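Here come two complexes built around chain A, the first alongside chain B, the second alongside chain C.
Now for the complex of A and B:
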């Protein structure tokens, strides 16, 4: 009897072996991951400097800390499933996955986690090097750093569930490109990747509170940097848990309906 | 002249090809639209908090975004797809067919593939430049227009030479498809004036990956912030860079052994 744990272990080994074959691709992907936060970091540092040292409660050093933490959290949480699922449905490569006796989501979870475990070994030193260049200032508390760990775990689960559900749109649409682009545009501004949410106008901030994006990037980042009160942290955990429950429920419903529409083209 | 005739020929083939896939127009339009939206939202949020960014006023920064789209569009319509096809040809050995043709192989490899829908970015870029000029509110004299065109031509030439050097590397490293992805993410840093970056990154974006020459310098020319020394420097580099890229290309071609050989 093979349990889920064995499945995850096996997937971990295969992913590791596969990724180590494509070392150059890893480096290229890393450059993209690093450059985008560095661009926003530099821009906001310049804004802070031109406003006499601080803007919206952020000094230049705090912007550095914010965007470097965002880089790490974004790396830990990001998924590529929205692009891959379209390919699976269009090319019919979903079919063999359906034949396996476990839900296909497990394979993706395992693959995602093992990829992150591998790349975090590179991302953390890179973040360290960048902090030498950008000199972040952090004033956090021990409880906030401790609370960051479960917040990050919930953030990974939440973003994965949301984006896996979004990817299922491929069952109904042949080209999901436009939908994905819209999603990533919304995520860029509402999750706190392009700008700390505190600097957005009030109506947009309200929108960010109501949508899930903020809870899988900005919330863990602000928590880690000690920018949240204990009450704010509790509210954040509640929002994460609530959205996670909604996303998993949606995932099950949408998957059930979508898989019935699947025509297994090419299989 | 051969160059222009060849380019025109491949533009026509490209048009005929892409007219079969009219849906791609919609996909490309959506892509350009979201690219534009993200650029403008970024500008909007930044300028809600400050009047100037390293000395650039909002309307002037719009010129940078315009040049970003314009030069990006130009390279994505013809240069990038052609060089991508060239690298694939090296990998498969089918470059033989290009090398045996009676025209210069470098020219052929640089214009062979035209993706016209990417031209939407050129239109978007020109539109942004027009809006920027109207907002800046000064009339652009002949001298400034000439400086802009010169800087734009120089920047495009420098970027072309850079991409040619990258692509030529595929003679030695066969699988290099992703190398343009690196360029793309570096290029995106050019949506902001390179003055916002710390010196080490500014140096990288000027001399290692010539994004500064491609975007910031032409935009500076248009809004009248360009010193004649920088313009002369850009033009000098635009003369030297293609020459060096050409030398490198020739070395690479000599290194190519073909598929069947």
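Now for the complex of A and C:
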């Protein structure tokens, strides 16, 4: 464990140093990240106002709160591994990683966390500034805010495990772009990023309940905003834990087979 | 240290003819072809040996190195390196070996070299004291002072390669697989890396298996060479024995006091530089030809030697016919 902590520290420093070399690119990238939730937010606020103040139980102020929280949660949980992995497999840069006496997943976890730590420093104040402009209304409870912390941690772990496993498709497919697009489109709607799930038709909502996406975005967001009952919160934690177990088990199996294939066809 | 028995590797590669029709057909019916990269060979390497691994492009050198270092699963055969089966990639094995590939960089492009080293320290769990000692030693041997603080992207190819080699050796591996460690480097940088590898191997009793296109590397470092061709073992022995076995010629160099005429009747004229003529003579006739040269011509100086190693190797690869069994690669539809 000490060795692993040391590795994470070293990887943390490396990522910070690398990212700080590209400050301008980082700022532009963050702008993009902020922009799309602001668009959703503006649209839904306009719809709510035109409908006489509320749509599907959301007032304009509640839409603001929902999309600002979603922006932060999406930022905390997102990964870019699916694109990176294809490059690694195609260019062979995975090979040196395989010959290190540590599982490559650690490098990605450490890199992801350190990148988030760096960018949250910007994202949180931006969310603060946006809330001055869009005046969110929040009626939450202390227990919900406290429960949000483990829910966010589980959400980060779950999304990482799901997307790392998805990224392994690169072992079998030469081009994973189509698959990635499909995944991100599904995630956009079924996680509650584009639309609060309550506004979706019932069959789609059922689908969202059954798939892992909502448990890593909509669930922590709704919890934080006090929109869930204690029972709903417990159900959410159970779903997160269950999906996390499934995703990790899948990750192990797929990784083992993928590496075997990589080693068979030419590393 | 390294024990290889009946090692084989067959790649299955997709096969498609050019053209739209062929592309469409391949959607329905994928054709693939088996390519034999390594066709069964045995080799034993003892602790502390520095062995040159030679063969033309496509002979199976890199494939073999990848199997020995654990990146590739063989199709058949048994391999033990440091007491481990490499492709299981057990941590105890990975901590004691290294693979350096000339054109792959492990260093992080955007940060100073020493930060990449620091990352390797954590990855290999090198104790602080040992890390400091090794780093100081490598800095001294490879002349890295002044490079350590520079971002990798600002280094020249030669500087980068020195740093790559250092990064690969920070954990003091007992087994080194080096694939073209001097590729693309100028003569000075090549010599530096070469000298360093020799020093490292001697100081730590490390075993080294190295491929190189530069025979100077092999001559300077390797007492023993293993030659593979078309995936099969062609030769295993000393460099001198390789030359004796594969070169049917001797090189005779004479300096003449007087005009240089046509010396074609004594042997094949390789070069004429002012008064110096280099001849290639069949080995069995070298003594007789020398006698005739001395009797017929005003010879000021004469020497007989083996042709350059490069030339011999070249000859081995260009003249050795492909074995019949590997020529037939199976074609199968999947």
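FYI, the second predicted complex is superposed on the first by the 260 of 267 C-alpha atoms of A that agree within 3 Å, B and C clash if a C-alpha of one lies under 4 Å from a C-alpha of the other, contacts with A are read in each partner's own complex, and residues count from 1 in each chain.
Basically, contacts are C-beta pairs under 8 Å (C-beta built on N, C-alpha and C of every residue); 3 or more make two chains touch, one makes a residue touch a chain.
Because the structure is a prediction, the values reported are computed rather than measured.
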>> According to the stated criteria, A:209 is in contact with first (chain B), second (chain C), both, or neither; which is it?
In response: neither
>> Applying the document's definition of touch, where does A:11 land relative to chain B and chain C: first, second, both, or neither?
In response: second
> Which of the two partners, first being chain B and second being chain C, lies in contact with A:21: first, second, both, or neither?
Replying inline: second
> First (chain B), second (chain C), both or neither: which does A:38 touch?
Replying inline: first
>> One more residue to check, A:92. First (chain B), second (chain C), both or neither?
In response: second
>> After the superposition on A, what does A:200 contact: first (chain B), second (chain C), both or neither?
In response: first
>> Looking only at chain A, is it chain B or chain C that touches more of its residues?
In response: B
> In their shared complex, at which residues does chain A touch chain C?
Replying inline: 3, 6-7, 9-11, 13-14, 17-18, 21-22, 92-93, 95-96, 98-102, 260, 263-267
>> Can you tell me which positions in chain B touch chain A when the two form their complex?
In response: 23, 27, 30-31, 34, 37-38, 41-42, 45-46, 48-54, 175, 178-179, 181-182, 185-186, 188-189, 191-192, 195-198, 200-201
>> Under the definition above, what is the set of chain C residues touching chain A in their complex?
In response: 11-12, 66, 69-73, 87, 89, 91, 94-95, 98-99, 101, 104, 106, 108, 110-112, 115-116, 118-119, 121-125, 151
>> Which residues of chain A touch chain B once you look at their complex with the stated criterion?
In response: 24-25, 28, 31-32, 35-36, 38-39, 42-47, 50-51, 55-56, 133-134, 175, 177-178, 181-182, 185, 188-189, 194-195, 199-201
